[in-house]
Amino acid sequence: MADETIKNDEVNRRQFFMKLGLGSLSIAAAGTAAFSYQYLEPNVLFEPSPVVNAGKPDRYPLDSVTLDVNSGIYIVHSQEGYFSLSAVCTHLGCLTAWKPELNMIACPCHGSKFEQSGKKIEGPAPKPLPWKRIWLNDDGDLLVDRSTDVQAQARDSFVRV
Amino acid sequence: MAKTVDQYLDDLRGTRVWRSIFRSGTGSSTLKRALAIQQNVFLHLFSTKVRTRMLSFSATWYLGTLTLGTFLILVATGIPLMFYYHPSVPQAYADTKDLQFVVSSGLFLRNLHRWSAHAMVFLVFAHMFKVFYRGAYRTPREFNWVIGVILLLMTLLLSYTGYLLPWDQLAYWAITVGSNIASAVPVMGEKIHFLLLGGNAVNANALLRFYVLHCMILPLAAMFFVAIHFWRIRKDGGLYSHDSEPAALRANVATDAAPAKEAQ
Amino acid sequence: MTRYRYMPTHVGTAAHGCPAERSSAIASRRARSVFLPAVAVLATILATSCSQQSASAPVPKPTAFGAAIVESSGGKQIAQTGSLLPQPVVVQVNDKQGAAVAGALVEFAAAPSVTFDSPNALTDSSGQVTSNVSLGGMAGRYQLSASTFDKSHKKVELKIEAIALGYQQTLGRHLNDQYCERCHNPESTVERVSNYDNLEVKPHPFTEGDTLNKLSDADLAAIISHGGSALNKSALMPAWGNTLSKSDVQALISYIRAVSDPPSRSAGPVYAKH
Amino acid sequence: MKEKFTSLWQRLFGDSVRAFGVVSLIFLASLAIAPAKNFFSEWRHYQHGYLRMVRNRSDANTLQRHFQGGIQQIWLPELGVVDRCTSCHVGLKEASLTDVPTQPFRTHPVIPHKLDQFGCTVCHRGQGAATTVAEAHNSTLAWEQPILPAKYIESSCGECHRGPLPGTPQLNQGRNLLARQGCAHCHTVKLPDGTTMKATDDPPSLSHVADKTTREWIYAWLKDPQAYASTSTMPNFKLTDDDARDMSAFLIANSTPLPGDTATLSARPSSDPAAGASLYGESFCASCHAVQNAAGNMVGGDVGPELTRGGNKVKPEWLQAWLRNPRNYDPRTGMPHYRFNDPQIATLSGFLLAKTDSDLLANVHLEAATPEQIAHGKRLVSDYGCASCHEIAGIKKPENFAPELSHIGSKPVTQLIFLPGMPHTLPDYIAGKIKQPRTFSPGLKMPQYAFTPAQIDSLTTALLALNDRSNTLPPSLAVATTPESDYQPAGKAGKLMTDLACFSCHRINGHGGDMAPDLTWEGSSVQREWLVQFFKNPGTLRPSLIRRMPRFNLNDAEVNELTDYIMTVYQTPAIDRDSMPLSGYSQGQVELGKQLFYGKYSCQGCHIVDTKTDKGYIGPTLTHVGSRLTAAWIYQWMKNPQSLRPGTAEPNRGMSDDEARALTAFLISQKGGARQEAAKK
Amino acid sequence: MSDSKDFTAGVDSNAKKSPRRIVFITRRTSAQVKAETEDQVQTFPEVLFRAAVAVMTLAVVLVWIALMFNAPLEGLADPSHTPNPAKAPWYFLGLQEMLHYFPPVVAGVLVPGLVVMALIVIPYFKVNIEADGLFLKDRQLRLRIFYVGASALSLFLLLFKIYAALVPTLIMAGVMLVAAQSSPQSSSAFRRYLAARPLSYWVMTWFLFELVVLTAIGTFFRGAGWAFVWPWLG
């Protein structure tokens, strides 16, 4: 009887250690997953600043739409003033182009077409091209913040020189 | 009474899905245990039973196991490191710095990778000498010994190719010195040097070559040979032990028993 | 293992590198190519124990004691941040009768970033100690203290002030030298005769903190840019707005704030010994 | 105890399952430390500290709103700079944090550059990529350049700015010293703009040195140049007595007499100290030459050599020949040809030869030199590279005599050999090397210079600017300087100007000294008659100046030659000299001008028109300005003085055209008549 | 066919002749192997748990090392500035040390090539399989060969002043001499042990000794210009 108790104790103890081990390893595995997520999330980015210097306003003649290929924005000089549009199609992210002969912005991928103000004319694009925040800095250069959308046609969305 | 975790686990093990994945199931019967080894794609490289004597630390010092352990650590740390590493000059160095300074725990992973690599070279050497002194290369394990020598060379090559990747002064000059030894080979030395580096000096080409060798070719080759190495242990009769040798052979091997043999 | 060649805070503390430090450095250089944590641990222990031992320069033993310490020269100097004062600081130890005492110990002290080439020295035969002083890297006022002990081991202390100019103030000083000083500085030198005495309405010297500190930066900028007459002050002060840029005017103001006595509040913190 | 331990061991590791359980737990605990270590990283600690500090401030809300957590980075791809300093130095852009005494949380002092555009390490060095204090600030195996000490910070300005800047006096001084102290004679310094630094000093030729001085003086000079003249730029080569003896023997033996009659005295040097002093003063010798007075102060300029002990040095014959025409001995000298007559030469030479120091040569006794000594001296002269600076007959200027300094600011610390006890940094090495070059290793040739500690700091600053970054700068960032021109006027007048050494003091078309006014546009500025008079008898224009134009005793033909040349050639295109008349302005205009002069613009603060009432001592006296300057120049000067003479102290008052015209009318009427009128009354 | 004849497995001590241990073919009976049987345990769980414990212990040690000591990283590779000394990874420093003494063909190719070849052929050499004590048979002849070989090698090393390799060689030769003077009947256990060591043991031990000494010298005792330095002196 006493022997059996000892034996049972022994079995229980073995089971306890087994559970301890496997449990630790499971936690370690879970921790490693969290750890991997933390590791894989970059802490710094080597990407150009979202704020783009578009130069002096007089570079853009009245009623012109100018594509800055590097930063993917349009600078539009309209009667109301200067404003900036994203040049990235809202459908699948292709870079659109300004077609002066058609007086519209066209996407080469799936044929979406937009007005000069970004409004959709036709095509699969679900939304109009978003407007970006634009302002003048102290040196008189136009700056565009690509990370900030602003309301289309709103007073503050234009720069008037 | 609420079910315990164990009961839930037992229920889980009883499901069809579980059974369809893990054929053997658990249990303390010898059969179940043998099946656990035999029916696992990785474990079936081992025999289902080993000699009790071989479990003792002094028999093997677990050097083979530990070497495998370092290899596993190296794979587990090396793959995450690749996410932040561009094998280009001088970006490689900047990436190493970034791993050290801005990637969460990047420094830890790189440290672990580096020290494990050193540990693996050391353990492989130790393993080889231990096997030699135990005489475990003897028939029928000759070929497994040869595979072991190949694995030793691969370990050295893996460590050597990895040495260049941080693209710092230490790496650059160690590889320059090391690779110039290759050009000492008569007749074809220059060619080997040229092919190894992808040029005449340690430069961007060399870095890319070493990267591919270090991350693709050598690890795959090493895994291939490791599999054979393990499988051959089973096929050659399990871990070597003097006492498992036939008496006559053992008598020959254990020469301190020679007088007794002559007496017979 | 990473090894630091240079710890700025410990510069000059050890005249000859501690041998244990050197050997540990060597050992850790080996360790960088070798997997030998034991060596590294040993090196770390050695390095730690050594850094605790490194002592500062020995303090000489005084042979005499004075009762007072006075400034001979070198007070109220202006230098750029981090650089040497143009003249060394000279202090003198006197006894009760006012006679110079040779062989008394003088200790210089200041904020930790200030360095003296002889922080502890004995007075020479004329009772003086000379020390070159490098100011700290922050612009502002630095309080240097020179102290000695009298016979009863009581500390006698002398406070000397020095001003460190940052980039903006240095630029301001340059503009001051070029445009302002000939009228605003009443003192004449061989090279530069002051115009101060020739002016009916006397300009304010820039050190005149009592007056200038009451003016806001905007007031000062207006006077400099638009001249005295535009602000109902003397027309002898011309308008510099067409000659100096806005940042030049700001630089001048920051210089004026830096040198004013009593100090201007906007000149920033004062650096004294802890 | 042991049994207890054994039983614990047994309980924990008794069989493989137990060992498995325990080791797994330890394994888990160990693995968990890595992310914990990451979480308690140094930069997070600083950010927490910043937030704690900010919490108690009155502007807490603003500061908290500006605060951005996480690793911050400034990336300048074109410079290859990644700076993460702002991860810990959180408050650099917060203008209100000027009251924080020290970094890391203090505002950055005002500088002309934006943090986002230039980052931190471009100026401060150190390792920008690092996110720990030790790695970022100190020198490590992975990064040799620690944070640049504040006293050398101007060297970073010099990486891009290749010319002098008003805000960097130390850098400017260091660069001047590099050129002026002859460093560039021995060391090649290729500047980032592709030019090679030229030494601006001009050590004398030694080919005829025996004409000029004695072997004893050469010996004493070689042993310790500063004993002869404390302002001497000649360094001390720390020669042994024998070496100095042999070198002086060689230099004398190697010297050839100058052709021409220089070896005889034209007149006995006169011993009239008063007359000598008077001529010395009238000739404004002190503008260039200094003499140490009894109080030990140096009086005079530093363009020419110090004359305190000149009598010990030169032979009287040589001195008289030199005073008669210095260009006979040294065609390139900056000393003007004064056209002294014989009595003047006798007076001046007597005055100068009396300036001796009896101690200087008292202990110098040299036996006649043996041929071996002369041969040894020749070897020493070429070994020490004397010919790098001095012209010595028979010895060629050595090429690459000393290490090139073009990239000294990026020299790897591993390649330097430090003195014991010296901090292992490049600035300390450079400063130590300049301070005491010979201590670094026996047999080094670099001589001992007599630099002050501040000069050493300046030189170090200038040298640190010569680094890899300054040499590989994107052209868009380099701020070029106008190169020193080698303008030489042509023709007879040109020869005359060289003879008179005008360029020693005046600058014309970017060439010349800065002691006297820039004459580039002098022809537009002054009236011909005045200039003629001025050459004959240079008067004082600025009462506050102690240095003046000397009288060269020119004859009429020379004066005309010079005046014609200046009036025709040195004209600015901005002014038509004859566009405004020199007279004929209405009385009303003159009166208005006078009101402006004394009222609105209060010019009398600096200038004198009426010697009775006006006291202004800064600008030139204007009593005769009507017969000195052209009206067009005055008008343009009123409108914008800096456009005519950049850096002039005359403020631009933003006058209207009418005001400028009125003032011109008033000033042009000042033809010295005021005094006459006053006399009449 | 009910004869139950006992078969005994043929045991051949010459492993080279019959590489299979058991050569045994019969139609109706199964093999009976007369090798001793040993206690055996299931691989699962006994071996696997032990292996897991070993690997985890190793991992714990390495994790702690990685937490405490940063991997070396020096300045950006700069082809124009060779550090002094420029060292290969430590496991090649034995080789680099030899390169100091021998021409690259010998030290860089011949010696490592021979070592690898020797390692590969170890199990295929008769002496390695038979593994008799070196000096137990043909003692005089073997001793003579040993004397000639050892002194030739030592002389060669002495001539080229390769003391780093000479000293271990001499020590090994000394131990082998002791072994030659020992017999399996020696009273001392250590001498009995030495006497039973076969040739392969001696060669391998000499190799290990040289490897350790040369690597240690290359790692710790070589400074600028590959000159000998004491690691504790600057």
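The first chain written gets the first letter, and so on, giving A, B, C, D and E; residue counts start at 1 in each chain.
Quick note on the criterion: a residue touches a chain if its C-beta (ideal position, glycine included) is under 8 Å from a C-beta of that chain, and two chains touch if they have at least 3 such contacts.
Remember, predicted model here, so these are calculated numbers, not experimental data.
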Intersection of the contact lists for subunit A and subunit D: B
By number of C-beta contact pairs, the top two chains: B-E
Farthest chain relative to subunit B (centres taken as mean CA coordinates): D
Maximum centroid distance from subunit A, chain identifier (CA atoms): E
Euclidean distance of C-alpha centroids - subunit A vs subunit C, Å: 51
Chain centre separation in whole Å, for subunit D relative to subunit B (CA means): 66
Approximate Å spacing (C-alpha centroids) for the pair subunit B, subunit E: 19
Chain centre separation (subunit A, subunit B; CA means) in Å: 43
Residues of subunit B engaged with two or more neighbouring chains: 97-98, 102, 104-105, 108, 115, 118-119, 168, 170, 174
Residues of subunit C touching at least two other chains: 2, 32-35
Contacts with two or more other chains, residues of subunit D listed in rising order: 17, 20, 23-24, 27, 31, 34-35, 37-38, 71, 73, 84, 135, 141-142, 144
Footprint of subunit A on subunit D - complex, ascending: 15, 17-18, 20-25, 27-28, 31-32, 34-35, 38, 70-71, 73, 75, 84
Contact set on subunit B toward subunit E in their complex: 30, 33-34, 36-37, 43, 46-53, 55, 62, 65-66, 68-70, 72-73, 89-90, 93, 96-97, 100, 107-108, 110-116, 118-119, 121, 125, 128-129, 132-133, 135, 137-142, 145-146, 149, 152-153, 156, 159-160, 163, 166-174, 176-178, 180-186, 189, 201-202, 241, 243-249, 251-253, 255-256, 258-259
List of subunit A residues in touch with subunit B within their complex: 35-36, 38-44
Subunit D residues touching subunit C - in the complex, by the definition given at the top: 98-102, 106, 109-112, 134-135, 137-142, 144, 146-147, 149-153, 166-170, 299, 413, 420-421, 423-425, 453-454, 457, 543-544, 546, 599-602, 605-606, 615-618, 642, 647, 649, 651-654
Contact set on subunit B toward subunit D in their complex: 94, 97-98, 101-102, 104-105, 108, 168
